[in-house]
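Structures follow.
Below, chain A partners chain B and then partners chain C, in two separate complexes.
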Partner chain A sequence: MTEKLLDIEGLSVHFPTRRKLFVAVNKANLAVEPGEIHGLVGESGAGKSTIGAAVMGLLERPGHIAEGTVSFKGEHINGRDADGMRALRGAKISMIFQDPLTSLNPLLTVGQQLVETIQFHLKLSDADSKKRAIELLDRVGIPMPDERINQYPHQFSGGMRQRVVIALALCSEPDVIIADEPTTALDVSIQAQILELIKELARERQTGVVLITHDMGVIADTTDKVTVMYQGEVVESGSTEQVLGAPAHEYTKSLIAAVPRPTLKVHRFPQLSYGGRQIAFHIDDLARNWDRPEPTKSGTLLKVEGLTKTFLQSGSIIPSRRKFFTAVDKVSFDIREGEVFGIVGESGSGKSTVARMIATLYQTNGGKIFFDEDEITQLKTAKDLESYRRQIQMIFQDPFSSLNPRMRVDEIIAEPVKHHKLLEGAAIQHRVDELLERVGLGSEAGRKYPHEFSGGQRQRISIARALATQPRFLICDEPTSALDVSIQAQILNILKDLQEHLGLTMLFISHDLPVVRQMCDRVGVMRQGQMVEVADTETLFAAPKESYTRELLSLMPKLEGLSTEGLQDEII
Partner chain B sequence: MSDQSATAPQSRLAKALDSDFVYSFRRSPVAVVSFIVVMLLVLSAVFAPLIAPYDPFDPGSLDLMNGFTAPMAPNDFTGDVFWLGTDDQGRDVFSTILYGMRVSLFVGLAAVSFAMILGITLGLVAGYVGGWVETLIMRAADVQLTFPSILVAMLIFGIAKGVIPIQHHDQMAIWVLIIAIGLSDWVQFARVVRGATLVEKDKEYVQAARMMGRGRGIIMLRHILPNVLSPVLVIATISLALAIIAEATLSFLGVGAPPTQPSLGTLIRIGQDFLFSGEWWIILFPSVTLLALALSVNLLGDWLRDALNPRLQ
Partner chain C sequence: MLTYVLKRVLQSALVLLVVGLVAFSMFQFVGDPIDNMLGQERTDADIARLRTELGLDQPFPVQYYKFLENAVQGDFGVSYRQGRPVAEILVERAPATLELAAVSGFLAISIGIGLGVFTAIRKDGFLANAIMSISLIGVSLPTFLIGILLIYLFSVELGWLPAFGRGDVVHIGWWSTGLLTATGLKAIILPAITLGLYQMTLIMRLVRSEMLEVLRQDYVRFARARGLKDRTVNFRHALKNTLVPVITVTGLQLGSIIAFAIITETVFQWPGVGLLFINAVQFVDIPVMAAYLMLISVMFVGINLIVDLLYFAIDPRLRTDGKGAH
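Right, the complex of A and B next:
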């Protein structure tokens, strides 16, 4: 057996708070060998980042290591004083943070930051340091490193910036790298490149890597071993193949079952819930009281023709000097009544802008939107739009900002009902209570404020608000991308129920291809403001026509090694 | 993750007393002491007619023979004893301070409320509507900031004096003071509210309201205003101290509260005449009261700023 680079034994991290002792990590064990990538996976609050911070001696007060040991190459390192830790941190153990936007100093050039770090750790001359910096940039795959070394971080794209961060972490030739969600802020195509780079570096330099992530796809594709955490406890640990393919612990099983698969379409995600997180969603009761409008004659509910949106890039008093940026360029598609239409694309592709134009949040700069044969783009006044606005509703991405923190939940849900004057007096409260019951929160939830709920619960409040006006058309703009995977599964199940039982038509915006495959009947692929391809979901995934679509699909994590336990009954 | 589990149903008061806000208050000795001082001063001003041994506005109670009595010493002629002495006209300094504080506090509170209403309204509109409306409001604010606020207040005071007939001067003085200080103070409210509005208006709950078809007015009042109020509360507290000082300064310069309705500033101005002739108490006690009031309100504001700032918690 090779020597362990990093060995964590029985580590507990405590945060004493005013009311009680909060145990962030409870008796965790983890070992990393040279050249090994060890995945640390869990949902938010599982304590995975806290382990990283504890190893680096970067725990925020009042957090502290209560028991257990952290050893580096057989030597205890917890309990070292600040100077002792500083000699280790950065030099022997480096860290890569999640957000490349904030982990580089915007006022220094990339070269200055690299050279400073190299000189500090390796004590080289100026010229040698610069040479080494250029080598490092070249190694992490930055083209023309001798030119780009003099540029500032803002001149790099997100993916390039994360490469620079990795180069910085490599400056001191560390033995262990702790990467905390290194690709979460990046697009899927860039994510694949960064993970490949981390894999290469680990193999080539025999560096041990601890990869902290919530993403099962990243774990499956990158790591050799994996440790699964749940609420501060290590529930399972072992080789990636074994843990993902044949999970032993109930929590791991429920977590894996909740991961949307790119290759299997499931009817509903299994409710293999762990730790009492089951929810009851009473769709049948809701469907009974639902007023369904007359179906459209043509079968098409929403039709978009040549939709265009430009944003002012640099303003000027003289109109000819103004510069515009075309976010959406002549996009056309139609959505049939009762179907779920997906739009996928990377960040900046214009998919959210399309949703916002349909939602009347943005004015269009060209093109037409038809809803049930009415041309929406012709309607100008708020009064004309009233009926349309009642029939469309939106579920937003961020459950923490989509609810007004100063309004009570029942006021939030009642607002659209009151605004559209759908009901009066006690009937409003009745509708609110009913909706809260149906989304599984209970009517007493109405008297609380949004901050008293978790992300998943808030997203259900959002859904209740969207359903309050009994809409025909629901716009979901990345409704689950801010949620943990098990919560995502619940929300996706609810959305599927809505579509099926209430006959809702949906526009589903996402960057996550496996999710789109589970949810959508037809998909449009967007790239740089243009609609590249529109097809039935199954056709698109099986036989993509455009090269860009093929590229996107090839970057999708395959997740073939994941256990399908609990999914058998659900596969269509 | 959070510790909501074990909390049994509690009364509203018990809940409020258990909140982090009250906890942080109790843990800060500075906040507790300043709060006690502020409450003491405010209550004694409010109940001045009950507390003050003399009524300084009743000419009948004044005895010129009592003039220039030193604190705690019996008067040479009448043998009366005054805690904090008397001024040249034989007015009890302690009583005039209590009554003067009423004027100071009233002017301060009214001026801050006026500045707050003006600043919040303009800041909300500037931030939410944007475009040329924003440019107009914020440039006006910038221009105003280039004048010291005392100068602005004196300017308004001077104009008011010219416009209002002379027989109404004494009655109007207090209101002119309030408007003058309020007008010179709205800018910071407007700036802070505009900044906070710019952050809030891009949040998804505002978009949800817009999508519903809610009008601008309702969105600003119901959705944005409640979410931008906590920084306003902090500025209002600190502004109160500044407004009290501004009032004292104006009154000291002789353009504020008239001698018939003396504020702390007026008292200090009167006392200044006798500072070098040995009657130190006439200026000292009003000054110390002003200092205690302004300082404790300011310290309370400082604590509030830290307590309401989520980044510092």
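Right, the complex of A and C next:
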């Protein structure tokens, strides 16, 4: 048996608050050997990041290690004072954070930050430090490192910044790297590159890596061992293959069952049965009172032709010197009544811009939008637009910023009804109560404010708000990207129910291919503002025509080793 | 960069024109200077003659135009009260105000930032909490009251510092300075504290809240995770980021230090332009008032221009216009 680099035994982290003691981590065990990538997986609030912070001695006060030991190469480190921890931090154990956009100081050049760290740890001269900094940038795969070293963080793309962050973590040849959600903020293609880099480093330098993530795909593709956490406790630990393929604990089973598969299409996601977080969604009651409009004659509800949007990039008084950026370039597609149409693409591909133009939040710079045979782009008066807007509603990505924190939930849901003057007096409150009841929050939720709800509950408030005007067309812009996988399963089930029982037509935007496969009837792939390919979902996943689509699909985590327990009844 | 500066200078000129226009339109209501200038024995003919001489019979747009025409050439007219060119009086008085503003500005910025950083780093310390509580006094008490209290304590009761005036001054060319004599230095202490106290507490509270925000940022956590010393993290990484938003407010506050000098100068009988302006208002000395208002707005506009340029110096994100973002 090889020597353990990092050994955590019976670790408990407590956060005393005025009312009660909050146990963030309860008696957790975890060990990392040289060259090993150990995944630490769990949903938000499970305590995975707290373990990382505890190892680094960076717990936010009043949090502290209440019991247990953290050993590095056989030596206890959790009793050390501030100076002792600092000697270890960065030198022997490094950390990589989630968001590369915020982990670098925007006011210092990449070189300044690297040289500063190298000098501090290795006590090299200016020239030698710089030389080493350039070598490190080269090692993490940044082209032209001797030029780029003098640039500021904002001049790097997200993926490149995460490489710089890794270079910073490598400055002092650490033995252990704790990577806290290192790829969550990145596109799939970049994510694959960064994970490959981490794997290479672990192999080459025999570095032990703790990879904290909520993403089962990352765990499956990258890690050797995995530890699953639930509400501060380790529920299961073992080799990745074994834990994902034959989970022993109920929580792991239900967590794995909630992961959307790229290869299996399920009818409904199994609800997370562990921890009693079941929600009731009463779709039948909602369907009974739903006013269905006349179906369209042609069967096509929304038609988009040559849609274009340009943004001003650099202004000038002289029109010929203004520079424009084409976010959406002559995009055409149509959506049939009652279908779910997906748009996938990486960040910056223009998918959200398309959604906003359809929702008339952006002016178009060209092209036409038809809704039920009416040309929306020709509507001039506010009155005509109002009637269109009532029929389309939108659900946004971020459940935290898409609800006004100063408004009560019933006010939020009643607002579209009042604005469109659909109901009056007590009928409004009745509709609000009914909607809250139907999305499983209960009518008493209406008297609370958004901050009293979790992310998943807020997204259900967003859904209730979107349904308040009884729309025909729902635009979902990454509705589950900010949510945990079990909550994602709930929300996706709700959206599927809505579409089936209320005959809603949906535009579903996502960067997550497995989710798109589960949700959509047809999919359009966007890249740099252009629609690359439109096809039936099954055709697209089975036989993609365009090389870009093939590339995207090849980057998708395969998740083949994942247990299918609990899914059997749902597989189509 | 150059086009940006040019654009700002043009904007500044426009601001000055508007300030002048507003000032002149108000002068119509401050009273008739002729009443003060001519004694009891005046005749209607005297009044009419003086009015024509001073150009006061003209409609105000014409008066404004004449003022601009002369002001561009450095001629601000002749004071009605003192009978001397306004430019000359201003040059004589300006050093006192500028020195006072500079000293109190320096106090406000250095102590304000220092205490702000201290109270942010030692967030829950006893001393930090005490400083925060005391700072409420600086924010809530009006300037004149602080001035009078300080005079009472240090001049009347303790007798350590002079209660009014500027002390002895040394002339260097046209500039007169009180900073090189012992009495001058002693005399500037109380007015400088009075004038700068509000700005100091404001800057301190602002720096504190910004710094607390910055200390929560990922790059500060990441800097700590790299094992860097607290001092490096706090001052090299956190402080610089803190200052970006602080600069705007500080710039505006420096402008108001000069403008608020009127009150402090009155309390301490400080022989600066503020006191000159108060006297001018009482006598309806239009040329002095006009020149003073223009001077203040030039300073405001100038400080704002400097603040905007400082942004460029500090924040690299503004220097490159998104060209290399790949």
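Note that the second predicted complex is superposed on the first by the 571 of 572 C-alpha atoms of A that agree within 3 Å, B and C clash if a C-alpha of one lies under 4 Å from a C-alpha of the other, contacts with A are read in each partner's own complex, and residues count from 1 in each chain.
Going forward, contacts are C-beta pairs under 8 Å (C-beta built on N, C-alpha and C of every residue); 3 or more make two chains touch, one makes a residue touch a chain.
Everything quoted here is computed from the prediction, not taken from an experiment.
With both structures placed on the common chain, the touch criterion links A:N404 to chain B but leaves chain C unconnected.
Contacts of A:S157 after superposition on the shared chain: chain C is touched, whereas chain B is not. After overlaying the two complexes on the shared chain, residue contacts for A:G90 are found with chain C alone; chain B is out of touch.
Legend: residue contacts after superposition of the two complexes on their common chain; A:L104 is shown touching chain C, with no touch to chain B.
Of the two partner chains placed by superposition, A:T381 touches none, neither chain B nor chain C. Once chain A of one complex is fitted onto chain A of the other, the partner contacts of A:S320 are absent, as it touches neither chain B nor chain C.
Once chain A of one complex is fitted onto chain A of the other, the partner contacts of A:E116 are limited to chain C, with no touch recorded for chain B. Look at A:S125: by the touch rule set out above, it reaches neither chain B nor chain C.
Interface of chain A with chain C (complex): residues 56, 58, 86-91, 94-95, 97-99, 102-109, 116-117, 120-121, 151-152, 154-157, 160, 165, 168-169, 171-172, 313-314.
Those residues of chain C whose C-beta lies close enough to touch chain A in the complex are 217-219, 221-229, 232, 236-237, 240-241, 244, 314-317, 320-322, 324-326. On the chain B side of its complex with chain A, the touching residues are 1, 3-4, 20, 23, 203-205, 207-215, 222-223, 226-227.
Those residues of chain A lying in contact with chain B across their complex are 17-20, 22, 45, 231, 356, 359-361, 382, 385-386, 389, 392-394, 396-398, 401-407, 415-416, 419-420, 452, 465.
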